[in-house]
Amino acid sequence: MLHSFRALAANYSVIFFDAYGVLKNFEGVIDGVLPALAELKRDGKELFVVTNDSSRSPKKMSQLYVHEELGEIFPEDRVISSGMLARDFLRAKVKAKTVAYLGKPDSAYYITSAGLTAIPLSECTAKTEIGALALLDDEGFDWQPDINRAINLLRHKTIPVVVANADKVYPVHRNDVAIAVGGIADLMESALDRRFVRFGKPDAYMFSYSFARASALTPGVRRKDILMVGDTLETDIRGGNTFGIDTVLTLSGNTASEDYEFWIAASGVIPDFVCESIAT
Amino acid sequence: MLHSFRALAANYSVIFFDAYGVLKNFEGVIDGVLPALAELKRDGKELFVVTNDSSRSPKKMSQLYVHEELGEIFPEDRVISSGMLARDFLRAKVKAKTVAYLGKPDSAYYITSAGLTAIPLSECTAKTEIGALALLDDEGFDWQPDINRAINLLRHKTIPVVVANADKVYPVHRNDVAIAVGGIADLMESALDRRFVRFGKPDAYMFSYSFARASALTPGVRRKDILMVGDTLETDIRGGNTFGIDTVLTLSGNTASEDYEFWIAASGVIPDFVCESIAT
Amino acid sequence: MLHSFRALAANYSVIFFDAYGVLKNFEGVIDGVLPALAELKRDGKELFVVTNDSSRSPKKMSQLYVHEELGEIFPEDRVISSGMLARDFLRAKVKAKTVAYLGKPDSAYYITSAGLTAIPLSECTAKTEIGALALLDDEGFDWQPDINRAINLLRHKTIPVVVANADKVYPVHRNDVAIAVGGIADLMESALDRRFVRFGKPDAYMFSYSFARASALTPGVRRKDILMVGDTLETDIRGGNTFGIDTVLTLSGNTASEDYEFWIAASGVIPDFVCESIAT
Amino acid sequence: MLHSFRALAANYSVIFFDAYGVLKNFEGVIDGVLPALAELKRDGKELFVVTNDSSRSPKKMSQLYVHEELGEIFPEDRVISSGMLARDFLRAKVKAKTVAYLGKPDSAYYITSAGLTAIPLSECTAKTEIGALALLDDEGFDWQPDINRAINLLRHKTIPVVVANADKVYPVHRNDVAIAVGGIADLMESALDRRFVRFGKPDAYMFSYSFARASALTPGVRRKDILMVGDTLETDIRGGNTFGIDTVLTLSGNTASEDYEFWIAASGVIPDFVCESIAT
């Protein structure tokens, strides 16, 4: 039985939203989403985006959801991306100042905001003192030479590698997907027979990080006050469950109305609730 | 170059210790460990055990490290096991009151302390309303019938499965190991083609959980005040690094003096420091 | 569109049958199978069983399919099990005379018929000179002590390990499955971080071995004269396709009438034909 | 203890050679190899190349080893590449006439020699009737667009995919490697959650195929007459062992003199003999 999202949301004071498949899709912000978010905000709900997208800064993601009256629905400090965990890791653990990266220039934000120098891997020379390699985005570099360059760099030099987005694939059009940077990381790990440091849902750490942020902004919040909203069982729902918060699956993205019960049984990942979309 | 643990510890106010290979081994508490811990305690350090061992309650683990003058080095609330994360998950997510388990009776503590009823899987009948299955320990059940029983239960019933210890193997004697419950979980996941909910190092969540506990006991603690001490690169050091705290590898357990540099380069998991043992 | 097996079989002179799910199931020989086989035999077809079951000798498997007039449908030399490939491997590659095994006494046939001495792993002592370890069957030993014993044996001694059946699970009742010896091999490989020598479908070698046997018995046979009949896409059909012979999926076992088209599309394993069963 | 290759070879009438690391390396044919091969040939040995390299036709590979007096050491019909197994698969199993491929134009030989039409994947349009996709080589296409194109093609269309080389990486310079087409296949399989049809060592089928070729050219040959020579434990030696022929590891390529004993123990893949190189 499907729930009304609106009625469900009334029971929580804090709501975590996955972005792609819940708030937006390949065509942009999903119809009906902005009015629904505005209503929640007027009801006093604390709203956060919790996303594995590390291709842009939180500020840029914030600008995607602008309501004509209320302005930005998610101010910059309410957008939590796995890139921020990668940034904190780099800040704490990198000894040399320069971090090589694979990704678009925009994604380098997660390096520079840690006070480090970002340099595309293709521009590194034998003399560059590299403190870490960051896999940020699947675009912005030439796969064949740069993936091979990365592998050989790591065979010769013992440095940490951080993956800012654990996803293997992501949707690009109604019927098409593309390999995400998590898939490229798999390829490199397999070639090297080692595992990198990865951040993102479904790791419970992504949720404890978001919880800490929510606690800082709204002191006294408890886990049972929070609802995680997502369209993907294996990331959003699995992660929210593992962290012990309530979860709702929306059927507006990766998981379709006609077979969501099959996928819940097959995966053993059980959302507390299921809604058609957040606009219903 | 090896560091002196004593000198190193002076720079931190909170210390997280892995148990097996750091504090104890197959013969019991390692020689010199109790005096070293006592000294740290006299210096005012806040000491915690952070372990994937979920075969016993924190209270029982606490009783392993008793100093003749200072008493229990790690009072019960300073022993953090992955079983506690499993317990919190069960408390938050299980709808029916009964949880079936694989493990020794002692390990059922992590179910009953969540206010739930624990029942060995072998005692469940077709009529038992099972809310979840918990994999707690590799002992206390008959592998062949019970693993097959578990698989068929999960093929017929959509319930969460929680694994309280992510380890695949653990040492049992100087030269021997045994399959841990994480390895049994792998076998079951592969047979079912689904993934369970797992807790334990190297997940950063294990460290954010420990950090929250340390913060509650010693308010104001920051990540850079904490040192993680472990003998295993892939769990202790990887996890501490991912969470962004300083890490020290000891050569008193899984990783040997003669090849630790090889394993650091091969794994890409780089401890901030290396010490012979905590007694040096 | 489903084909009539009878009509289809007319185009081939040699037919390879998977056993479980095609010829028999948990209740015994499937209704209608013996008459169908008898008819094929009267038509002059050369019939073979090609199976991953290594729990018994070919002679014992031969005795399962006895027609009241024709006698044994599959004489012993027309039953090809993956155990025979394991036997040939042991014969060619084992230096010491004694092979330790996990499995029922019956399965040790594949060791003794290689001219070697078979000894259950649990009966080996520190002094036994073991030339190889053979994983033959999931029954006949006590999983916990014997799997741990096997792992430690292999950590201390460099000997080959052969797995006589690559399957992970097998059906035991209408709705239940059990872990097969291939699943136990996975568990051990993961604990040891090495891979054993495995035999069985879907490896094309199982088919080239069967082809060699068919060629010896019916000289001049070509690949296009052979039809592989199986109920499992990932073993029977994948393997037959890889070897380049025609394949037919029957819906009498693992793959059900209502969703076989879904599984073909999902797996990309495409049988040349589909039949309800061989009795139709 | 290392053996003399020359003395060892005297015991066999047929010798299978891996190419890269045994006969040649990044600089070309290894010093001393041509004289050693000539001597074997003068002694009447039957010599074959057994390789996972499918980037060129056997004819082109044949031209790499030309002795000034004896001419081509390995005539075209004595070069066996995994691409030939892929070709036989395509010939037997593809229904539509056009096969899309990833690889250099040279590698398309394995499609056209099956009597099929080869077309680079990037030149396919929505109207092209594609009967199969062949992954032949890691070069000759633009990774990012073409890998994503391949994935979406396979999500929409149920066709077989064949991988002509199972290797994940291959050496390109003294200290560098590159991702091979088997690694690209892994990436695509993981994104699609399905497995392709792969050919190459260590599959025993590669050896039964080579054995059939050797039997056709030198009737009456038995397995014990054959020696497999390779530099890689996990492909050459594992595969030769699985097929039941004698194997010799050379230390002229992937496996180094100083640690071959470690790798044999760690992998459990045990060559019958070890030689410095075939020129010794």
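The chains carry the letters A, B, C and D, assigned in the order they are written, with residues numbered from 1 in each.
Keep in mind that, in the parts below, a residue touches a chain if its C-beta (ideal position, glycine included) is under 8 Å from a C-beta of that chain, and two chains touch if they have at least 3 such contacts.
All of these numbers come straight from a predicted model, not from anything done at the bench.
Contact with both subunit A and subunit B is made by no chain of the assembly.
The most distant chain from subunit A is C, comparing centres defined as mean Cα coordinates. The distance from the centre of subunit A to the centre of subunit D, each centre being the mean of the chain's C-alpha atoms, comes to 41 Å.
If you average the CA atoms of subunit A and of subunit C, the two centres end up 45 Å from each other.
Looking at subunit A, one finds that none of its residues touch two or more other chains.
A list of each chain pair in contact follows: A-B, A-D, B-C, C-D.
Those residues of subunit A that touch subunit B in the complex are listed here as 85, 88-89, 91-93, 154, 158-161, 192-197, 203-205, 207-209, 212, 223-224, 238, 241-245, 264-268, 270.
Considering their complex, residues 138-139, 142-144, 147-148, 151-152, 155-156, 168-169, 175-179, 183-184, 186-187, 190-191 of subunit C touch subunit B.
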